[in-house]
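One chain, chain A, links the two complexes that follow: it is found with chain B in the first and with chain C in the second.
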Partner chain A sequence: MLSNIGNTLLFLNILLGIFIIYFSFKNLQNKKISISKNIYHICLFQSTFIIICFLTLVAAFIISDFSIITVYQNSHSLKPFFYKISGTWGNHEGSLLLWVIILTIFSFLFLLYNKSHSRNYRIYSLIIQNTLILGFLFFLLFNSNPFSAISPTPKEGLGLNPILQDPALAIHPPLLYIGFVGSSIYFSAAIASLLTNYSGRLFAHSIKNWVLISWSFQTLGILAGSIWAYYELGWGGFWFWDPVENASLLPWFAMTALLHSLIVLEKRNFLYFWVIILCLLTFILSVTGTFLVRSGILNSVHTFANDPSRGLYILVFLSLMIFGSVLLFFNKFKNSNYNLNSNSKETFILINNWFMIFYLITVLLGTVYPIFTEVLTDHKVSVGPPFYNTVIIPIVILFLFFMSVGPQTQWIKNKFYNLNLLFKILIASIFINFSIIYLFKSYSLISNFIIISAVFLIIASLIDLYKLFKIQKMDSSRVISHLSFGFLILFIGLNYNFSLEKDFNLKLGERKKFDNYSLEFKDLRLEDFKNYKAVIGEFKINNSQRNLNQSLYPEIRIYENPSTITYEASIRSGLLKDYYITMSNIDRSDYYNIKFQKKPFMMWIWISVIFISLGGFLRLFQNAKKDY
Partner chain B sequence: MRTKIIIFFIILNFNIVDAKTFLIDSNKVFKNLRCLICQGQSIADSNSEFAQTIKLIVRDQIKDGKSEKEIYDFLIEKYGEWIVYKPPLNKVNFLLWLLPYLAFVTGGGIIFLLLKKRYNH
Partner chain C sequence: MQKKIIKLFILLLIVFVIGVFFISLNKHSIYDTRSLIGQKITDIRLDHFSKNKTITGEDLSKNNFTLINFWASWCKPCRDEHSILLKLNREKNLKLLGVNVKDKKNNALKFLNDLGNPYDELARDELGKHSVNFGIYGVPESILINKDLIIIKKFIGPISKNDYEYIKNTVRK
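And then the complex of A and B:
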């Protein structure tokens, strides 16, 4: 029943998409200034239908309607209610439906909120966006239909992969998709702008809030994924340079570059073609990321949903998109005049873009290089954390210094920032770095520079914040994001250098001593839970110096639907540090492999990222207040 | 004077770094190795038997006084380049190492040219 409703709604949505494109073209031919009411109405229907369609799938998951293959494969009647709902987008088909919803809703909202802009520009944006919607709807309906029926109806579902049954991962896809898919709207707008030769300034004005929305959500989405990986995968880090993580980071770099150069376009009306490239690139990278993840050509932990036929469709779609936009771009490209002074804000924003593109190229190359070597030379290589650390970290140091100086500069003017003050800040940062070494222990040369530059940025931003309060001209959103970025790098640097990691084997009742710590394996018990069994260990940590006495309870969980073993880390989070223990059994032995980690400032890494995205939301709020 | 103070602090920083002992950290080595039978996990993160074996090998080699590079070379010879997360610089991988820097220099060059062109006007 639900399967039929869903299919009908998908089909209706395809029809509506075609209608919108048809009426839009018709609208282009008449001389009226406004867009016909019909188009608004169809768009409203389109959004409503796709939401109902999604709710139908949610309903199917809630009532465990196993006559639908997606539900059968990814749910189980005993699964907790919350995960029944999040299971809707915890699989390929459902998440693709979520993808289409965001495409559709953004299309409608973009139409509504840009009434002050030229009619043709808006109509072309709508046409391009609906072409994208149709492309994904066809993919959904003919290749990855979430409503495919199965007969006879199975009695019980196969269950959701237990590592996906997690609150952080439940919100991770929707957040990330608003970022990923949200970028589609400025892809469409960029093409519309090229087609109608729209003014750069107006174009920047019409898309800036959309860039902010997608950027802020993308940031939060990456964060949710990172937190999930931290406690669920049991590796005890916040970033692994896993190909799938990289796929979410690539559009983020492009968005960040876009976010900055858009300011130049709006204020100074140049960089138009560069901004267009970034708009196109962001969405292309989002689709590329999806292709890499869903096609399964990457060797990654996250590839739980892959199938080559999906890959082929996305690849064809992607190639058409790239080919079309490149062709149009070169057709419309013309050399424009610019007026750039070396110490102006424009230059520093270009410098931001320069670094962003460098990060983007490095991460993209690292992610796809193994595919190429394997296909071309039959040579398997792995590109992992040590590669990215070696290439990126030294450049980050330089980046942070530019980031500290950049915001102080003025538009157009060629006046340099107060050198005297910069020297003072540098000395203060070096001094702080030096005290950190004494407080903790020594660390490597490059870490010195990372911490000095991060502290440099923090102090510069704080001085900024103080000045802003004094003159009451609030550009607080930028300062908040930059300041938090400084803190993020600082905490990452400290975390990286002062983590303590121990890996050893213990038997029940044994005790292990290292540094000032002693770890005792006190207890081991078996417990039954609603949808899994767990072997739970009890470990007591003592620190002779700090009077620390904590117990941690890592688990080995045995799930039956589907049958999987997962290793659950036990984490004691604190303001200053996290203690982290995972335990795994060793075959044919009484010993257990124990990983103990002390991770300083983990919580502050998460908080810094939240504040980075908060800066984006704040700017959005300020823009909205200014406009209305 | 100011410059001297800065130089003083920088030197101080580096001296402390030098005091650090250069023992190979086995955890660091584990993190740089791929667990070949897992899905994108490092030896440090994996619970598999393969990972346990590699850990034993690495610990033995550290005990024998081998350098980090010697350990990686040994493992590459045995299991192929697939096992290390930092691809060695060779004929196949030189583009991987070269292109990011090339992009960086090019980007800087473009900005420099844009500024210079402006001065010539």
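And then the complex of A and C:
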């Protein structure tokens, strides 16, 4: 029953998409200034239907309707209610439906909230966006249909992969999707802008809030994924340069660059073609990421099921998108000369963009290089943290200095920021750096530079914040994001240098001593839970110096549906540091392999990222207040 | 002119990237040890247990058949299959390569002293990293390969009497 409703709605949505494109072209031919009411109505229907369609799938998951293959494969009647719902997008088909919803809703809202802009530009944006929607709807309906029925109806489902049963992961896909699928709207707008020559300030104004929305959500989405990997996968850190993580980071770099260069376009009417490139690039990178992760080319936690036909469809779609947009761009591109003063704000924003592009290329190369070598030379290589650390870290230092100075500069003018003050800030940062070394322990030369530059950015931003406070000027959003970024790098630096990691084997009752710590394996018990059994260890950590006395309980979980073993880290999070223990059984022996980690400032890394995205939301709020 | 070259270059680059993506779509990238049967082991590099040398594919292609056996002294089933390995050692056409996985050297030596050494060559994989390249999930596992380094069969878990018969018949053919 639900299967039929879902399929009908999907089919209706395809028809509506075709109607919208048809009416839009018709609308282009008449001379009226406004867009016909019909189009608004169809768009409203389209959004409503796709939401109902999604709710149908959610309902199927809630009532455990196993006549639908997707539900059968990814749910189980015993699963907690919350995870039944989040299971809706915890699989390939359901998450693709989420894609389409975001494409559709953004299409409607973009139409609705841009009434002051040129009619043709809006109509073309609508047409392009609906072409994307149709592309994904066809994919959904014919290749990855979430409503495919199975007969006879199985009595019980196979269950959601236990590692996906986690609150951070339940919100990770929606957040991330609003981010990178949301970027589709400025992809469409950029193409429409090229087609209608609707360029410059007005174009920047029409897309800036959409870039802000997607950037802020993308930041949060990456954070949720990272937190999940830390707590659930037991990866023991906040970032691993895993291909999947990189795939989400690539559009983020492009978005960040776009966010900044849009300011130049809006204020100074420069860099139009560069902004267009970034708009196109962001969404193309998003789809590329989806392709890499979903096709199974990269082995990762997101490889739902290996099905080359999926990959092929996305690849064809991606190629059409890339060639279409690149050829159009070549056709419309005009060389323009910019007169930039070397110390003006424009220059500094361009510098930001070059840094972003540098990071983007580095991460992109690191991610796809293994694919290339495997295809071309049949060698498997893996590009790991050493590559990224060597290439990225030294550049981050420079980047942070530019980031501190950039916002102080003026538009157009060639006037430099107060050098005297900068020097004082530098001295202060160096002083703080050496105080840290004096109080705790020393670290490598490069870490010194990282910490100095991060502190430099923090102090410069704090001075800004103080000044803003005095003159009540509304630029707090930028300062918040930059300040938090400074803190992020600082905490990462400290975390990296003051982490403690130990790996050893222990038997029940044994005790291991290292540094000032002692770790005792006190107890081991088996417990039954609703949908899994768990072997739970009890470990007591003692620190002779600090009077620390805590127990941690890492688990080995054995799930029934589907039968899987997962290793749950036990993490004691604190304001200043996290203790982290994972335990895994060693085959046929009494010993357990124990991984102990002390990770300082983990909590602050998460908080910094939340504040970075908060800056984006704040700016959005301010823009909305200004416009209405 | 220069602009045209740049445009052409960009287009060719895109074609190249998409082409590589396309080819890699049809490659299997997920390790499934069963699908390894019939495939050639391309990259063999194992550290010798006691001597300072590396055992490579070249060494193995000298034998008509090689049974690569992954074991450790702490592993109880390895003890169980040991008597069968000792019997297999008498086969003329078959050489045994033992890979000692995630083990302490002394314990491994004691194990072989107590139970006998069935291996013609012994390698050591202290961290278990090389074994992963063979698609090994745990110990014991064994892989039977021929002269051309093609995998004939994989044995997950200890080698049973039936497996012994199978290996004996294959090797004697």
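What we mean here is this: the second predicted complex is superposed on the first by the 622 of 628 C-alpha atoms of A that agree within 3 Å, B and C clash if a C-alpha of one lies under 4 Å from a C-alpha of the other, contacts with A are read in each partner's own complex, and residues count from 1 in each chain.
Throughout what follows, contacts are C-beta pairs under 8 Å (C-beta built on N, C-alpha and C of every residue); 3 or more make two chains touch, one makes a residue touch a chain.
Just so it is clear, the model here is predicted, and its values are computed rather than measured.
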Which holds for A:N341: it touches chain B only (first), chain C only (second), both, or neither?
first
Quick one: name whichever of chain B and chain C touches more residues of chain A.
B
Contact-wise, after the overlay, does A:I297 reach chain B, chain C, both or neither (first, second, both, neither)?
second
Looking at the overlay, what does A:V381 touch: chain B (first), chain C (second), both, or neither?
first
After superposition on the shared chain, which partner residues are touched by A:W274: those of chain B (first), chain C (second), both, or neither?
neither
Could you say whether A:N448 touches chain B, chain C, both of them, or neither, answering first, second, both or neither?
first
In the overlaid three-chain picture, which partner chain does A:F138 touch, first (chain B) or second (chain C), both, or neither?
neither
Would you sort A:I437 into first (chain B), second (chain C), both or neither based on which partner it touches?
first
Classify the contacts of A:F504 with the two partner chains as first (chain B alone), second (chain C alone), both, or neither.
neither
Quick one: classify A:F45 as touching chain B (first), chain C (second), both or neither.
neither
Name the residues of chain A shared by its contacts with chain B and its contacts with chain C.
299, 303, 586-587
Quick check on the complex: what are the chain A residues that touch chain C?
291, 295-299, 303, 306, 308, 311-312, 315, 318-319, 322-323, 326, 330, 368, 371-372, 374-376, 378, 586-589, 591
In the complex, chain A residues that touch chain B:
233-235, 242-243, 299-303, 338-342, 347, 350-351, 354, 357-358, 361-362, 365-366, 369, 373, 377, 379-387, 390-391, 395, 423, 426-427, 430-431, 433-434, 437, 442-445, 448, 501-503, 567, 584, 586-587, 593, 595
If you look only at chain C, which of its residues touch chain A in the complex?
7, 10-11, 14, 17-18, 20-27, 29-30, 42, 74-77, 138-139
In their complex, what parts of chain B are in touch with chain A?
2, 5-6, 9-10, 12-14, 16-17, 19-20, 26-27, 30-32, 34, 39-42, 44-45, 47, 49, 52, 55, 80-87, 92-93, 95-97, 99-101, 103-104, 107-108, 110-111, 114-115, 118
